[in-house]
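I have a structure I would like to understand better, so I am pasting it below and will then ask my questions one at a time.
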Amino acid sequence: MGMIGGGFGAFIGDAHRRASRICNEFELVGGMFDPDLEKNKKFAAAEGISPDRCYRDVDSLIKSELALPAGNRIELVSIVTPNAFHYPYAKSLLGAGFHLVCEKPMTMTVEEALDLEKTVAEKKLTFALTHTYTGYPMIRQMRELINKGLLGNIQRIDAQYYQGWINSIIYGTESRITGVWRLDPKQAGVSSCMGDIGVHAFNLIEYTTGLEIKEILSDLSPVKDDVKLDLDGTVLLRFGKNLKGVIRASQVCAGEENGLTIAVYGSKASLKWAQENPNYLYMLSDTEPTRIFKPAHGYNGKAAESGHTMPAGHPEGIYEALANIYRGVAKSIRGEAFDPGEFPTVHDGVRGMKFIHSVVESNRKGNVWVKI
Amino acid sequence: MGMIGGGFGAFIGDAHRRASRICNEFELVGGMFDPDLEKNKKFAAAEGISPDRCYRDVDSLIKSELALPAGNRIELVSIVTPNAFHYPYAKSLLGAGFHLVCEKPMTMTVEEALDLEKTVAEKKLTFALTHTYTGYPMIRQMRELINKGLLGNIQRIDAQYYQGWINSIIYGTESRITGVWRLDPKQAGVSSCMGDIGVHAFNLIEYTTGLEIKEILSDLSPVKDDVKLDLDGTVLLRFGKNLKGVIRASQVCAGEENGLTIAVYGSKASLKWAQENPNYLYMLSDTEPTRIFKPAHGYNGKAAESGHTMPAGHPEGIYEALANIYRGVAKSIRGEAFDPGEFPTVHDGVRGMKFIHSVVESNRKGNVWVKI
Amino acid sequence: MGMIGGGFGAFIGDAHRRASRICNEFELVGGMFDPDLEKNKKFAAAEGISPDRCYRDVDSLIKSELALPAGNRIELVSIVTPNAFHYPYAKSLLGAGFHLVCEKPMTMTVEEALDLEKTVAEKKLTFALTHTYTGYPMIRQMRELINKGLLGNIQRIDAQYYQGWINSIIYGTESRITGVWRLDPKQAGVSSCMGDIGVHAFNLIEYTTGLEIKEILSDLSPVKDDVKLDLDGTVLLRFGKNLKGVIRASQVCAGEENGLTIAVYGSKASLKWAQENPNYLYMLSDTEPTRIFKPAHGYNGKAAESGHTMPAGHPEGIYEALANIYRGVAKSIRGEAFDPGEFPTVHDGVRGMKFIHSVVESNRKGNVWVKI
Amino acid sequence: MGMIGGGFGAFIGDAHRRASRICNEFELVGGMFDPDLEKNKKFAAAEGISPDRCYRDVDSLIKSELALPAGNRIELVSIVTPNAFHYPYAKSLLGAGFHLVCEKPMTMTVEEALDLEKTVAEKKLTFALTHTYTGYPMIRQMRELINKGLLGNIQRIDAQYYQGWINSIIYGTESRITGVWRLDPKQAGVSSCMGDIGVHAFNLIEYTTGLEIKEILSDLSPVKDDVKLDLDGTVLLRFGKNLKGVIRASQVCAGEENGLTIAVYGSKASLKWAQENPNYLYMLSDTEPTRIFKPAHGYNGKAAESGHTMPAGHPEGIYEALANIYRGVAKSIRGEAFDPGEFPTVHDGVRGMKFIHSVVESNRKGNVWVKI
């Protein structure tokens, strides 16, 4: 396994490395961790990477690795750079035959996303998009319970993703705002809040329900006049006749840490889950006591159970969720059977890009309905 | 004190009677509890009401009571009928000089609401609209903390009111739907979900923040083809530049009991409260541990403290919240000083009616922005 | 209904009055609210009691009320004085044929308790001891679920009652300690913590399980050298072979408000409840998702359902719990059928006194087993 | 790093391997994973261990590794066998100069424990006992807040460890009971419940408060007649004058998963923590709102902060707690500065063995006080 991005100070790169070690399926042997060559080398050394596999750019990584014997070369590359680099790097690496794990949002434009989807299909490679939250056992259990039809008619879907961390930036000095890549359209793309976190809520909805959102209407806000992208917004959802929903996302809710929640309401029962307490899945009914599903119990389905390794009551967290995705990727690369829910695919990436761009379009046009 | 409506089987009338007894400011001495004369008499007897003050209609109540000496007659009338009767009865009773407590929604139309507001002003009578949730101590504390400016810039407001009870009706026999007055436009008005519960969320927002919602955009759903009113909906809110929010309400969320919540997010701190656990108010901050405010503590303001009579840790509930409103009404009738937050007024009723009608209008026009 | 004690500043007397009004079965018409005659009169006036039924002592209450026609006189007397007065007043009032509601602990000694039990049996009067927490719907549901045998073999019982309010007294000035009747053995009896709150935990165990505690071993602490009674303690419990348990109680746990909890663990399932969130009853199992029982649902038994009047999700609290006990008392006085769980009896009072005295004895003798 | 025990089906060995990979300080290069040679080899192969470092016993591991150049040989050995093997293996390995991580309980007897303590001191080696829960950031924060004196006088300490998993064994077939090593005194030692889990509660108390428990009085139960060891018990604690406490532990509480909790109550404030929701630390006070400390915030001390690597709101769990301990061990081996709280030492192991044996002695002698 190799890595692009994720050098000193990059928390998401560190998360990918830990997750790959937890699942014990991959060994990090090379990469390009930082565009600054010195930092790149230092970081590689600190991680115990051989200097000759610390590459100055993606092209040299491809060239050198392909020159190695098949059994020795990097099989999987994880792309954990700022958003703007996802597409070009992914395109090159897929072209050269590498399997990929890519951070979301997958690309900057819908066209790029569609192009990657085509490339993955042609090359028959494994491509996983790290909507990490799909790796939680109780999210997988939620998907299974819904798929079994236990909710009756699904009647309302409500997802939330609230954070507050960006307050410290937008109320800091001016240079803070300009210095944060997530607030720079060139690096982050057309959206901050919806592109970074709203899209996770979108993905969880489609992942757990198996439904497609058909149309959206959004109202976004930069919150402060000197901010160029959305930091807050609400998106009305339509799935078809008589099924509506909402996604609420914000980066300016002081004190909210990583408040991703999803609730799917049916005519017979409903399911609720919150990321900050990921080992609790609530099933509500009008006629039965509320039930709390937890990991490591025989009453769960296989997907939930295989994603939790400790006995019941020993909490696992976000790293283990990401490790579950890496384990699915390993199965796919080896050609083993795996459940389609074991990792988000390039198609989920396409859906996500369509969502982000539709949301921005709806808002720009004056809060009108836009088809996804 | 007298009562209109609230006979056998009417839970809200019973709640008003209990609340008035808890605060110990009023004695129920007469009323018209049921349009069916026999049931009316039976109910009055069961409540220990003198038969000669069990009236066949509102006019006879007015006439007979006014004939009594001032000290003996009913001072306050509580109107707890289906929605359509609120306005005509309130109009007559105010005209005759009675103070009123009225269930919400206050009227069927905005015009009626404005007319009542004018009448109350002219007559200088006390008029309380029972947005009961404003009687909870921690809601009053929330109002005070916001009013003190502790949140910094308010940046997002999110309120929810989810219930599931109507599933048993809409999936029952056809006659069930037609037999429920809340689903009959003639009795319930233009809206079911927004008129019955969404308006509570609206009221809590304006009550706790002191802000006015300027514009709304709604998307409502009857959920089933044979239902004539909205049972579910989302309302986008705008309060002014850079402050947006959302109200989410539904009566078809299986297993949700009375899921009213409100969150007000600021640049410095945020506040969250949920009706089902009303004695917990959460204050979030990016830099401090989350704080939980509870009743019966010296750190609370006067409005919160006076609304809880037991020592800390002895839970009080919805009846006590309503009793707090009745106590405020008693103060007002006696001409004592009281805090403007002690009971919702006819003006809150006007705001509520404008909200309900704006929401219905926005939805009917294709989900466009409508001024409140 | 009449009342002894409960004048200005007495929170428990106020609670009894509110509860009696909520259930709407009694009207407070007379009493002796304060041993200070002036305060007594002022308080009676403030409550709207006729001056000629504001009595200077219990004897004059008895004499005057018995002189009234049967239908007009006080039927039920609530005794809400400091502990030392419970027995003599109860004895006199029972002797004169009054039904009683009495605060706990019922008496100062076990002998007094047994004497009252004998008197109640002889006089065939209704006697209710206000272990208020037995009035909560979910405690009644807990009793029913256990009684149905759903837990399998009961294997462990654990109850807790933690408060912190006494810290402000014992770390205040010396006069504060001497001025609080709960810390004065002459007024409070042999125990502070176990007599005031530990006994509630004891009662809940016997109430919900129907089991009798056979033996106890206690370790108590005054916490500070200048305190004469226990403020903290742990009590080991034995119910019979292979069933043990524990009661933990303290008045010096800073920040604990009214932390009464009970957990009954069985071989098949377990039940957990906490007074501060009284509308949630948790049923745990090794093989099924945890279930949360809440009031106002068809899945509850009759005792739980009749104790909650609002629809699901509208929280009721401690006043309603106490009102449920008063309603049971009314049924008993009228000779109606009632469930034995509707109010704690004089026998529960005897058990409680035995518990308190056994606990003190065990501690005094050096933490040895004592039979109850 | 090498490992003794932890082959197929051993969850705790797997946990140690994952933790060592997460902290990225160690590489597993050899060991003796199973006394069955075939299983041992198979397991080593599955883990990618070189066959020549898969040893048939501890002696051959020592001999072969010592024959390797210093830089290549195993530095640290993790002992994750059944309890009876901890002491002999630890003794041999320390004698040969290996640093150790050892599962608890450390030994079978107090004498063995004292002997290991002496050996560690003489050899100046690093020895960590995996009381894993001390690796949680909020437990480290709890220790720091107490150490700073924020609680005032500590007045009561209450720890609980409830599980239910053993029900399925003791109510299974007879062979199940005899087949489980934890229920066999030869393999598990003198205690099941207190030795396996009660000792964790004991350790957390001494770890977080820095206090020593002086005396205990216990009441244990085998729960079923055919069980030879305690499955349930309560332990009264004395720390000195006016400070008492309790440890409650059980393996027969149906539905309890891994219910370890600790509460330390002071005169000014109190702290509460529960293992199943390890990222929440509650600070209670009589005069301030309850505060919730969470990881990844500037308000925490260094020990808590360094133990959580993700941003706030991204839950980390038990594996990360264990990884924190391994990271401390690595620092110690390298001779870097580290906080004494970074890993439990051989002295904690001695204290634990004394606790277990005192508890068993107190129970055997008829529930009397025994000095630790």
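List of remarks:
Which chain is which? They are A, B, C and D, in the order written, and residues in each are numbered from 1.
FYI, a residue touches a chain if its C-beta (ideal position, glycine included) is under 8 Å from a C-beta of that chain, and two chains touch if they have at least 3 such contacts.
It should be emphasised that the depicted structure is a prediction, and the values quoted were computed from it without experimental measurement.
Looking at chain C and chain D, the chains that touch each of them are A, B. Comparing mean CA positions across the assembly, the chain most remote from chain B is D.
Centroid to centroid, with C-alpha atoms defining each point, chain A and chain C lie 54 Å apart. Computed centre separation for the pair chain A/chain B is 42 angstrom, with centres defined by C-alpha atoms.
One inter-chain figure worth recording: chain A and chain D are separated by 35 Å, centre to centre, where each centre is the mean of the chain's CA atoms.
Contact with two or more other chains is made by residues 165, 256, 283, 290, 294 of chain D. Those residues of chain B lying in contact with chain A across their complex are 151-152, 155-156, 158, 160, 162, 164-165, 167-168, 171, 217, 219, 221-225, 232-234, 236, 238, 242, 244-246, 248, 250, 252-256, 263, 265-270, 283-286, 290, 367, 369.
Against chain A, in their complex, chain D makes its touches with residues 11, 14-15, 17-18, 21-22, 24, 163, 165, 256-259, 275-279, 294, 296, 309-320.
Every residue of chain A that touches chain C in the complex is listed here, in rising order: 283, 287-294, 297-299.
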